[in-house]
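What follows are several structures.
Shared chain: chain A. Partners: chain B in the first complex, chain C in the second.
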Partner chain A sequence: MNKTELLTRVLNELKEEFGDAVIESKTHAGDRQTRVSREKIHEICTWLKEKHSFTYMVDMIAADRFTSEDRFELIYHLMSLKTGLRVFIKTWLPEENPTLPTVSDIWTAANWNEREAWDMYGIRFDNHPDLRRIFLPEDFKYHPLRKEFPLLGIPGSLELPSTTPDSE
Partner chain B sequence: MSLDKAVENTGYLTTSLDFLTNWARANAMWPMPMGLACCAIEMMAFAGPKYDASRFGSEVMRFSPRQSDVMIVAGWCTYKMSHAIRRIWDQMPDPKWCIAMGACASTGGMHRCYGVVQGVDNFLPVDVYVSGCPPRPDALLNALMQIQDKVKNEHSTVYDR
Partner chain C sequence: MELKNRITDKGKPTFFKEHQIALYKSLEDKHTTVEVEEDPLGTRMILNMGPQHPATHGVLRLLLELEGEKILRTRLDIGYLHRGVEKIAENKTYQEFMPYTDRMDYLSPYSNNVALCTAVEKIAEVDVPDRAQWIRMIGCELARISSHLLYLGAMVMDSGAISFFIWTFKERERLYDIFDNFGGHRFTISHSRIGGVHNDLSPEVIEMIEEFCEDFPKRIVDWKKLLNKNRIFYDRNNGVGAISYDDAIKLGLTGPNIRAVGIPFDMRKFDPYLKYDEVEFEVPTRLEGDNLARYYIRMEEMGESIKIIKQCLEKMQKGPIRTDNAKKSYPSKDEVYYSMEGLIHDFMMTDTGICPPAGVESYHAIEAPKGELGFYIQSDGTGHPWRLKINSPSFTNLQGLEKMLDGEMIADTVVMIGGVDPVMGDSDK
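Entry: the complex of A and B
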């Protein structure tokens, strides 16, 4: 059985197991991308890891689709080291209060990716062990990768050093 | 007449203290290499044998700010890094000079975004700006020579009565 057939089988099983929670599945640029509902994301990830040994979380990406509904998107890029399969699990989030359960309890590697998604897009992750900003200063008030954030930033939001040296 | 010729012929020389200190300072400009990005690679070439900054007395790259005279900011500088740079600058003893090397250090360059300081002159007193992305080592040598010219023309504020 080649990989495409194997992947189709895994995705069919996913559909059987979770039913309506699997919203759509399509091929783009040679990759199968499956969109699932955000309520089931933690269960689906657990199931993929335990039943189909997707033990390697390659990447986790957030995106701002800038649509009026379901504005934010999260993409989980998973790989099984046993079969060599890759799956892309996507989920959409609303603009108001975008929250997801953390998957850092499933894959520890998700910890920093989730912190990045929080830093750049303001997506919250429930039960995350340490949800702090990862790149920007902790007192920064904005989420700079959101589309409405101005390219050159907001003047005064990041501090420059004092140009008068401290008196010793 | 150059200084060493003068000493050679007579065994002594008369000069102004300004001239002597400027001569000494200009020919021993120890750089503080603030390499932040790809410009730092060109800065290494500037110090290496082919372009040879030691011809101008600047071969001694000091990684301690206490021992340096000229800070070469080579590369793009983020708001987070700016605090570290300013701190190192404040630790350098006076007199000190600053070269903003390349487009990014001078103006922010192509990094026109929220996290990058649009020119290190926002928090440092820059003496010479070097254009280029990255500039050739020759351009950095030229900047160094311009600083030498600047140093040689400096006057102290204290005059003999």
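Entry: the complex of A and C
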């Protein structure tokens, strides 16, 4: 059985198990992304890990769709080291107060990835052990990868140390 | 609780105040189950290391809580080299963005170029001629050797031997010379193009690579003689920074770090790209999961890379080096200079660039020297990516470092950073 068939089987089982929570599936160039409802995301992730040995979290991708409804998107990129399958589970979040349950209890690797999603897009994760910004300092109040953030940045948004010597 | 009060009381940040306080707070909160409230001997301290520290391989900052010489818990603070390349990518065409990838993992620029180009080729469905793929493979493997050489030099220097760094740099210098003739640049090569490569290999550079392939294995033999049974080096690395099989998977380590716990996870075998399914090579693995295992793996990998390069040179046939489809890749310079269509196509490629179909997304990863380097691209049908996410190996591995450091000795910190081999340009994006 090749990988495509195997992946189809896994996704069919997912559909059977969770029914309406699995919304749609799209394929391009051999990668298939499955969109699920955000209420079930934690259960689906647990199920994938327990049932289909997706024990390895490769990455987590946040994106800004810039639409009025369901503005943000979060993609869980999982991998099974046993079968070599990659699965992309995607979920949409509202613009106002985007929050998801953390999956860092399932894969420790999600810890930093969730911090990155918080830093760059302002997506919050419930029960995350240490939700701080990862790249930018806490003093910074914007989420720079959101589409409305200007490419040149916002002048004065960060207090920088004085570069003039003996300025005291 | 006495100690807790002390961290934030004593450390009065003057700069990025909220950030520093949050970091101290987070260190305090880490494993809250282990609470020592009294410290009668005054052996507990918080040590800040970096971001300007010669042994942290760039601008890594560590906050270590020590009890005497033992590290109780650690917090890593990254982001001092954050340039927002993902934001830049959204505002550039795919080809324009390619030189930025050179500056990510700046120890192996060639692999990064190839990673981006293969990812774009996947989403836009561009075919690449065989010869270009072989050239890319040679470049990638040379970059792997170059990166591992720096690892080797820096790590051995971290464990106490200065001269070694100079020897590995002598070999790296030769690699720079090869790259100079390869694509016209020594360091940031930007040689790969979407749909192929920039220029063909000249007979001189092939000769240089062949010479290097003959000569370099002898150096490896010498270095192995020096290091493998060296008591100081062995003791300094054996059992240091060990990580278990389960933890390595949970933390999602990648590259030589995960192969050091016995998982033969290598994208070249796992999910072959370019022509890696047509060459023969081994994926070295070890079981110990410590620093020494990582050293052995990288040492073996350099030998394997030489094997791959030799096979590439043998199997490479003459042929085009870039796809001959003006809608999908740049035309050759000859065409641009001598035909009007060529000039128009060149202009169109620069102006609009290659446009993948609207609303599609895909992921492609290669095995960079430090692990899986992947690009997740979402397209909206224009020449700019809507979203380009970089899955960088150093970011993933540094998360593992935070775990590895807990419970080790302070003197081993530097060796462990060297062993994990992070590049901050890569992890900070």
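Here is the rule we go by: the second predicted complex is superposed on the first by the 163 of 168 C-alpha atoms of A that agree within 3 Å, B and C clash if a C-alpha of one lies under 4 Å from a C-alpha of the other, contacts with A are read in each partner's own complex, and residues count from 1 in each chain.
Operating definition for what follows: contacts are C-beta pairs under 8 Å (C-beta built on N, C-alpha and C of every residue); 3 or more make two chains touch, one makes a residue touch a chain.
Remember, predicted model here, so these are calculated numbers, not experimental data.
K.L.:
Please work out whether A:97 is in contact with chain B alone, chain C alone, both, or neither, and reply first, second, both or neither.
P.N.:
After superposition on chain A, A:97 lies in contact with neither partner.
K.L.:
What is the contact status of A:163 with respect to chain B (first) and chain C (second): first, second, both, or neither?
P.N.:
first
K.L.:
Output check: A:151 vs chain B and chain C. Expected answer is one of first, second, both, neither. What do you get?
P.N.:
both
K.L.:
Mind working out whether A:137 is in touch with chain B, chain C, both or neither, as first, second, both or neither?
P.N.:
Both partners, chain B and chain C.
K.L.:
Any idea whether chain B or chain C touches more of chain A?
P.N.:
C
K.L.:
Tell me the contact category for A:2 with respect to chain B and chain C: first, second, both or neither.
P.N.:
Once the two structures are laid over each other on A, A:2 reaches no partner at all.
K.L.:
Does the superposition put A:61 against chain B (first), chain C (second), both, or neither?
P.N.:
Once the two structures are laid over each other on A, A:61 reaches chain C alone.
K.L.:
Shared contact residues on chain A, chain B side and chain C side combined as an intersection?
P.N.:
135-137, 144, 149, 151, 159, 161
K.L.:
Quick one: in the complex, what on chain A touches chain B?
P.N.:
135-137, 144, 149-154, 157-163, 165-166
K.L.:
Looking at the complex, which residues from chain B come into contact with chain A?
P.N.:
Answer in residue numbers: 79-80, 82-83, 85-87, 90, 112-115, 117-118, 122-123.
K.L.:
Residue numbers of chain A touching chain C in their complex, please.
P.N.:
26, 28-31, 33, 55-59, 61-64, 75, 77, 81, 84, 86, 88, 107-109, 111-112, 120, 130, 132-139, 144-145, 149, 151, 159, 161
K.L.:
Would you mind writing out the residues of chain C in touch with chain A in their complex?
P.N.:
15-19, 21-23, 26, 29-30, 78-79, 82, 84, 86-88, 91, 122-123, 125, 247, 249-252, 263, 265, 270-271, 357, 360-363, 365, 372, 374, 376, 378, 386-387, 389, 391, 395-396, 398-399, 403, 428-429
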